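Lettered A, B, C and D in written order, each chain numbered from 1.
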Amino acid sequence: MPDDTKTNEDNDGTIPSTMSHGQNVLHPNRENLLEVIKNLREEGFVVCIDITAVDYLENPKRDLPASVKPERFEIVINLLSHTKRERLRLRVQIPELEPTLPTLFDIYPGSEALEREVHDLFGITFEGHPDMTRILMPENWEGHPLRKDYDIGKIPVQFKEAPGS
Amino acid sequence: MPKLPILGETSNISEDGLAGFDHNFLTGKIEDLVKWSRTRSMWPATFGLACCALEMMATGAAHYDLARWGMEVFRASPRQADLMIVAGRVSQKMAPVLRQVYDQMMEPKWVISMGVCASSGGMFNNYALVQGVDQIVPVDVYAPGCPPGPETLMHAILQLHEKVENGEITRRRKEMDGGAGIMVEQRDGQTATKVIIGK
Amino acid sequence: MSQETEINESHGSETAERVFRRGEDSAILRLSESQVQSYTPDDDRRMVINMGPQHPSTHGVLRLSLEMEGETVLRSKPIIGYLHTGMEKTGEQLSFLQGPTNVTRMDYSSPLFGELAFSLATEKLLEIEIPERATWIRMLMCELNRISSHLLFQATNGMDIGAVGAMIYGWREREEVLRLFEKITGLRMNHNYIRPGGVAADLPDGWRDDTLRVLENLPDRLDDFDSLFTGQPIWHERLQGVGVINSAECLALGITGPLLRSTGYAWDLRKDMPYLRYEEVDFDVLVGSYGDCFDRFAIRLNEIRESIRIVHQILEKIPTGDYKIQDKKVTPPPRSRIDESMEALIHHFKIFTEGFKVPAGEVYVAVESPRGELGCYMVSDGGPKPYRMHIRGPSFTNLQVLPHMLQDCLVADAVAVISTVDPIMGEVDR
Amino acid sequence: MIAGLDPLFLGDAGTMEVLLIVVMKVVVAFALLLVSVMLYIWWMRKFIGAMQNRVGPSRAGPFGILQTLADGIKLFFKEDLIPNKADKLVFRIAPFFSIVPALLVFSVVPVAGDFSSGGDGTVTWFGNKTFVQLADPHIGILFVLAMSSIAVYGIMLAGWSSGSKYPLLGSVRASAQMVSYEAALGLALVAVLMKTGTLSTHDIALSQNGGITDWGLVITGFVPFIVFFIATTAELNSPPFDLVEAEQELVGGFHTEYSSIRFALFFMAEFMNVITMSAVMVTLFFGGPGGYYPSFGPAWLWGLFWFVGKVFIFASVFVWMRGTLPRPRYDQLMDLGWKILIPLALGWVLLLATLDVFEDRGNDGGLSQILVLVVSVTTLTLLAGLLMKSITIGKERREAEGEEVFG
């Protein structure tokens, strides 16, 4: 296995951390996420490159440190430090029943669209986000397509009136 | 009888009277003139969607030059366009817009479905795409390919020209009530209602 | 040029205060699509106008809702999703071998970069090293693709500003590169050429001469662009000082690529976090100084010249050898073996129907596409298909900068700004 | 009054004869203008094609020469539409406001005639002396100005009556643009009028028949021509000043909602205006039909040859600009008009007037003339400097107040 699970002492000894294919991965939880990210930003991770989510409905077993309880959803945040030339990944577990997370907008305003995309395709709500609406799918669409229990197959044309008509 | 320079072939004139003339500028039908003008001046609407849009623009550029058929006049306003080239994948969100643009175009109007995504959903058989633009608008010519090269698009256009020259001058889609015959299905299990749009 | 100092200086006086605003102060018109339709501003000098999704200058199907006073844009909001193709969902249904077919259709003006990111991610999960020649072929193709993509930008940008000629010139030059692609990969676009384990086929006979011919013609043509635009007064008037953004704002918004570099921030993944063999070629990272539309135009124009430089070096350094990995796990046996060996046939069949299995794990790989950082986040559960495949499209993030750049611009500037942000909607909506 | 219009009425020709000749002139002028528009559009597409390494229209008729005809017939047989929100009456009338002035302007342009040195610009047809121009009113140039102003109404009303936002923006741009450039256009004209001393187009053309040194271009000193040329381009909405219908910004501008024959009328009016304004420019600055007249052949034919040749060159220059130049922004266009062209034209007129007055007072052609020139130029330069300074100060003040300043 490429992932050697170990406990990281750097981040106050509280944030479990792993290595995955040469990149550091932190596993904060929902409560301390904002604080962790604020600290990281001060350490030089000034760019939030990407926010995405994974639905682990069909694959509950995965490489997580022992102290992290796997949940159905996982938010993956990719940060980049220009000065260190280093990437860092944060994986946050989100339970199925309460799919919410505090927004990163006040730290990285660039997360706005990325969070909206996750909201649209996974149905995870970001609390405090200025504009938590669908971004890719039509506004009155039902369901969240990238969830694993959403069928991929074709569906009939959901013909709604054109905007502005 | 000899072939006259302006009047054309006149050999059947003894049997058929004036109908025996080949069509020339004196006896030609105005219908033919109209069809000729439509094939020579078919202004496309700028309706680029995805990858195919690039090939569509490449067809208009120097190497292939749609201007030869008088088609370099891409009209931004659908009111003035004759031809809608649906170039690329049509998403569920785009479908109503596409239909609206089609409705805004004035008759006579034609549609080329360019590329497999527009024609059948292509490799993306999933929730997001309309599986064939013919569910939304009536299509005249399908251009295959992913994306179709400029040559394929030109071939499709020439096919369309042929269709226009041989087709009816008006009431082109009488059998379809002038619309596409769209099925609007209720997703939550209600009874389906057929709505014909564009009548 | 020392990269390190450039970054540390990082424009201390600049603030990103503008992009952090919420609510009414914000440049973003935070209304949903249906609200935009019914929204009438209190001030009756204002009106809301829709640009797109079918509009000649929105590069496909971008829709912008602009709140305007006269011709001045006050707030705006890009509305996207009109090209949402569900590619990430489809990516979960395709095996790792079929994957590049899918991702290549995202950024259709630079398809090879999507394939590259996908392949690099898969290879990282597989923990395989691809042959040297394959790496260099990938670099060659990507740099050529960068040229064609930036030429496309020159074409559309010129057209948006009203110089119809540029449209045709850019396209004419791009066509030369596409012909080379057609010869090498068999397709003009959407090549599916770079695959996990190497590339689909070796370079064909005579590729070197063809490439050289393209490279010989291009510099003259680029000079034509210079004489048509770079020194043109109207061009200056239209682009200089329009759509200005600073480095701090770019970083806060996660902007990458030429947009970030136009603000004077030298960040190029090829230089700073090298992948493939970019550390072995010599090239410069171009930066602007004002962060306006003209800088973005000039950077893209000159990046073509840098890419030409790189391709010349690649032509010298490209080694001989295999064009794909000879690992039986990943690569099907050669054609000739299939006729002789039953096992080879079965093996071939297995790889192409079921696909090869990839060890479980997750990985993020990024490459520098012509528009910025193109990343691929991939999760494998040990099966032959990705469990989750996510592409971080640079255009998607870059598009967030639009409302801030558009604020207090005129409609005509809006066109120039959209054009120099150069979004490819296929990559935005995926 | 009428006698001044044409020597035809002075002769001993009968009423019937006169009527026939006038009707013939009307019909021929109308038909020729339509045909030349058709050819011009074809030439434009071919020429732009050639500039862009393309073939251009080639399938409709030999060399695609019937391309415009095909476009016309197609548009004629296309479905027409009046949008629901449109002001129906105005929407219908607007295209005619556009095309009729375009046709009328041409009636005062001297197309041919004996404009050789010493000629009187007339021809003799069927034993009657006449001008090869539809009418030669005393106020010919004012008529041109009036008509080109009326053409604005076509565009403005079309955009306004469409009941849609993009056309409205286009029409607002059109009215502002036309009003601004009308002033520069008029001032540039004044220079010519001052030098030739007449408003009649025929007389203006005739006064230039002494060769190139007599052309309006030279006697007014180039500047009025440059101002006139730029103002005309803006007035015509010809690229690069085609902001009114800027496709990339406003979809189709004022004609977005127009289809079918109504759109064709706009389309035709636009290019007809290019031809007529080229003709006006040739008349004012390039000696009209004047040129080298060989001794063989009828003189009026040579006049026609020179006239058509000059108009063709100008019309091609418009195509050239269309194919190469990027489009300036709206406010930059306004700046150019108000801050550069109008002051420039005005200053030049003042300079010419000063020199003229001096000449009338009995110029001895010596030192004092140079003195007057120096004094005038200095005054004008000072004024220009003041103007520039005031513009800069105004801009700074607005910036200090925190307003967004363009350009």
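Everything below uses one rule, namely that a residue touches a chain if its C-beta (ideal position, glycine included) is under 8 Å from a C-beta of that chain, and two chains touch if they have at least 3 such contacts.
All values reported here derive from a predicted model rather than from experimental measurement.
Counting C-beta pairs in contact, the pair that comes out ahead of the other among A-B and B-D is B-D. Between chain A and chain B, the centres computed from C-alpha atoms are 45 Å apart. Between the Cα centres of chain B and chain D there is a gap of 39 Å. If each chain is reduced to the centroid of its CA atoms, chain C and chain D end up 46 Å from each other.
Look at where the CA atoms of chain B average out and do the same for chain C: the two points lie 33 Å apart. With touch defined as above, residues shared between interfaces to two or more other chains in chain B number as follows: 61-62, 76, 92-93, 97, 125-129. Residues of chain A in contact with two or more other chains: 136-138, 145, 150, 152, 163-164. Within chain D, contacts with two or more other chains are made by residues 52-54, 247, 251. Taken as a graph of touching chains, this assembly fits none of the simple shapes: it is neither a line, a ring, a star nor a complete graph.
Only residues 136-138, 141-142, 145, 150-165 of chain A touch chain B when the two sit together in their complex.
Remark: chain C residues 53-56, 60-61, 81-87, 89-90, 101-102, 105, 108-109, 152, 155, 167-169, 171-172, 174-175, 178, 188-190, 425-426, 429 touch chain B in the complex. Within the complex formed with chain C, the residues of chain A that make contact are 1-3, 20-21, 23, 46-50, 52, 54-55, 58-59, 62-63, 76, 78, 82-83, 85, 87, 89, 105-106, 108-114, 117, 121, 130-131, 133-139, 145-146, 150, 152, 163-164.
By the touch criterion stated above, chain D contacts chain B in their complex at residues 45, 49, 52-60, 64, 66-67, 69-74, 77-81, 247, 251-252, 255-260, 263. Put simply, chain B touches chain A in their complex at residues 92-93, 95-97, 99-100, 121, 125-131, 135-136, 182-185, 187, 195, 197.
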